[in-house]
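Working notes for the structure below.
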Amino acid sequence: MNSKELIARRVAKELKNGSLVNLGIGLPTMVANYIPEDINVMFHSENGIIGMGPTPEEGMENKDLTNAGNGFITYVPGAVSFDSAMSFAIIRGGHLDITVLGGLQVDENGQLANWMVPGKKIPGMGGAMDLVTGAKKVIVAMTHLAGESSKIVKKCTLPLTSLRKVDLIVTDMAVIEPTEEGLLLVERAPGVKVSDILKATEAELIVPDYVPEMIV
Amino acid sequence: MEIISVKDVTKYINDGDTLLIGGFLGVGSPDAIINEIIDSGKKDFTVVGNDTSFETNGIGRFVKENKVKKIIASHIGTNPETQKQMIEESIEVELIPQGTLAEQIRAGGVGLGGILTPTGLGTVVEKNKTIVEVDGKKYLLEKPIRGNVAVIKAKKADKAGNLIYSFTARNFNPIMAMAADIVIAEVEEIIETGKINPDEIHTPGIFVDYIVLGGDEK
Amino acid sequence: MEIISVKDVTKYINDGDTLLIGGFLGVGSPDAIINEIIDSGKKDFTVVGNDTSFETNGIGRFVKENKVKKIIASHIGTNPETQKQMIEESIEVELIPQGTLAEQIRAGGVGLGGILTPTGLGTVVEKNKTIVEVDGKKYLLEKPIRGNVAVIKAKKADKAGNLIYSFTARNFNPIMAMAADIVIAEVEEIIETGKINPDEIHTPGIFVDYIVLGGDEK
Amino acid sequence: MNSKELIARRVAKELKNGSLVNLGIGLPTMVANYIPEDINVMFHSENGIIGMGPTPEEGMENKDLTNAGNGFITYVPGAVSFDSAMSFAIIRGGHLDITVLGGLQVDENGQLANWMVPGKKIPGMGGAMDLVTGAKKVIVAMTHLAGESSKIVKKCTLPLTSLRKVDLIVTDMAVIEPTEEGLLLVERAPGVKVSDILKATEAELIVPDYVPEMIV
């Protein structure tokens, strides 16, 4: 299992039956592939649909039916389409149960930076600031390291996405929960030692006596 | 409401106008009208849209063809040309969170003087903005956005200008239809007035000034 | 989303709750649920609605049966009982311009901290309100309104809770569906999920917690 | 012709082809009966429809199709229904061409009071404040006198509906236009003398040398 699959599989376990879920572009999108059989969720896409289904078969694409990454999609029974004001009413009004987003940095306050690298890459925040500020539960899905550098930092050096503390960080090495007291190490990836995680983490972690291995 | 040829749209558009342009990465984008505006040679637009699409379609073509002075959008990452021109400072880019952008355009259309939102608070978005406290909570005051002309795309129109959109091609089009002095809608089909159930119309025809039959793909 | 019997609605409603109740002079009003709440003996509600209808239906019955502590509405003129109780000071009445009321409820549903409007400026409506100046123009800051429970009426629901309203029976129902902790919708018909075109749905089912089959008239 | 019919007929002449019009309850509603044959307008009703048609024949009523006064209506081809947020988006966003409203008082500033009489009658403002503040053109249609008292006053003593100056006042005695300089007497009702109007008007009027008679 590669590290992206590991992260996606672990995040998938956070989804509850009946949840409304928005998956960011890239790694978070992979979460859809690993949802347990007995769990039914509805997918929201910020370009204006609830009830997004899998990629259509070739030749069955509808030019007006896409996800926020410009890929063709299908829809499931019960789907509903709407405009951007309603789409973000859902996100910002507290009606979205879970959003899963990629991250560049998360810090000891649980705050996320994920939308720009000054002077290098300025794609824009898209819906990220709304999602992190408005969703009921925010899960960050990212690799633990960027090259040699830890992405779990003392204080974000990149521009913040929101003041709101995220709810869970899932990496290829660990599951970490931002709490009032700081970042709590909740699980370690299969075969990864607590000492490895500490070495790969710039931020201070709260380490319980027993840190279970992720079940994915 | 008047049905016009795509050749006539530029009568209603001037150099330097602020254009609200519908579409999300080119989906639900009024491509026939965009191509016509570009061909007309008009320029120096401020363009408001969700994103700058790709270099080959939607708002992306405006950027590629150097028709744009300023872009107001939530995302420019799919169009390297926008980043390039931004770095060269040949265009100005204002990035706005997507939900805030939607509410600002809506505010412009519905007569609000502004809206208060927590999105962007404590980030670079709050730069030069007023912070208003309501019942002990802080919010950014975001102002309404309006355009001289809204250029939008719908699936169907009746001859009274009532519009129906299709799936995710709806996106910013309905709110832009409320927020400009002149509204020009490109549609794939024009049907007789009275053929649409009043409950199924997405944009009332009273918002729409001109309809262009654009066809499915351009 | 769960389909429940009208007998079960009062499980989700407590004495003293703020109820958002749909309807415009009783049209598009969830009458079966209203009757059930009144019969249950629950009381001391703050009711938010466009008007207090007539004494015999809609929100009017709540007033007549003394279940209401406070009314927030734009109009009470069609129900002499409301005026009588207001003068006797047995209920508190807060009058709000209809468009402001709609925007305040919407703001409560879409996560805004407030909206700025010129409506009411320089009138008794501005009493105790903050005035905010934007680009030299003054506006009233109006706060969001939310309820513990929204009790709404639609024409049709599918089993995923997606709602379609009928003509002027739509009114405040769709915005109230976004602005309460619990949303209970009375409908005239429940159909299989997937039978409605996604473009024709007025209220996404994710807003709706409970559906009651109410029937055409009660 | 009674005075209400006179007022309604004169107001009807203000409607332009293609206008979107909202008529208040009572006298303003009568305007719909006198629209010239060659003028097509669409009627907006704030409870959520554009394209309101005449009263249905008996037995043809639809319980879900009413006007803001709770009367049954029909709809014309091209009609559209919407929620209260959209209905007032139209009014407040400057998309409504004309509103015709009743009045209790209009003063020398052109400001209107029409929604309450303190201590006596407090029906609520309904949509009146939004209509007067937001419509492109505001026409007040009312009798010139209430009993013996002039309704065209120096300064409104009743609570204002809006700070916005109305555009035209049509009474059973006169047509008056609020201008920057004050209230301009534009027309007099058939058979009514300027001196009668001045006697029945508390406010100061600007009286041109020639005041034509209304054509209704």
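Lettered A, B, C and D in written order, each chain numbered from 1.
As a working rule, a contact is a pair of C-beta atoms (placed from the backbone, for glycine too) under 8 Å apart; a residue touches a chain by one contact, two chains touch by 3 or more.
Treat the numbers as computed from the prediction; the structure is a model and nothing was measured.
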item	value
Common touching chains of chain C and chain B	A, D
Minimum number of chain-to-chain touching steps separating chain B from chain D	1
Between the pairs A-C and A-B, the one where more C-beta pairs touch	A-B
Whole-Å gap between the CA centroids of chain A and chain C	35
Whole-Å gap between the CA centroids of chain C and chain D	29
Rounded Å distance, chain A centre to chain D centre (Cα mean)	55
Touching two or more other chains - residue numbers and ranges from chain D	49, 75, 81-82, 85, 88, 92, 134
Multi-partner residues of chain C (at least 2 other chains)	103, 106, 110-112, 117-118, 165-167, 170, 198-199, 202
Chain contact topology (line, ring, star, complete or other)	other
Touching pairs among all chains present in the structure	A-B, A-C, B-C, B-D, C-D
Partner chain D, residues of chain C touching it in the complex	24-28, 50-51, 73-78, 83, 86, 93, 95, 97-103, 106, 117-125, 155, 165-175, 202, 216-217
Contacting residues of chain D [partner chain B, same complex]	20, 42, 49-51, 75, 77-82, 85-86, 88-90, 92-95, 134
Of chain D, residues touching chain C in the complex	45-49, 62-68, 70, 75, 81-85, 87-88, 91-92, 121-130, 133-134, 159-163
Footprint of chain D on chain B - complex, ascending	106, 109-112, 158-160, 162, 178-179, 193-194, 198-199, 201, 204-207
Residues on chain C engaged by chain B in the complex (per definition of touch)	103, 107, 110-118, 132, 134-135, 137, 139, 141, 143, 164-167, 170, 198-200, 202
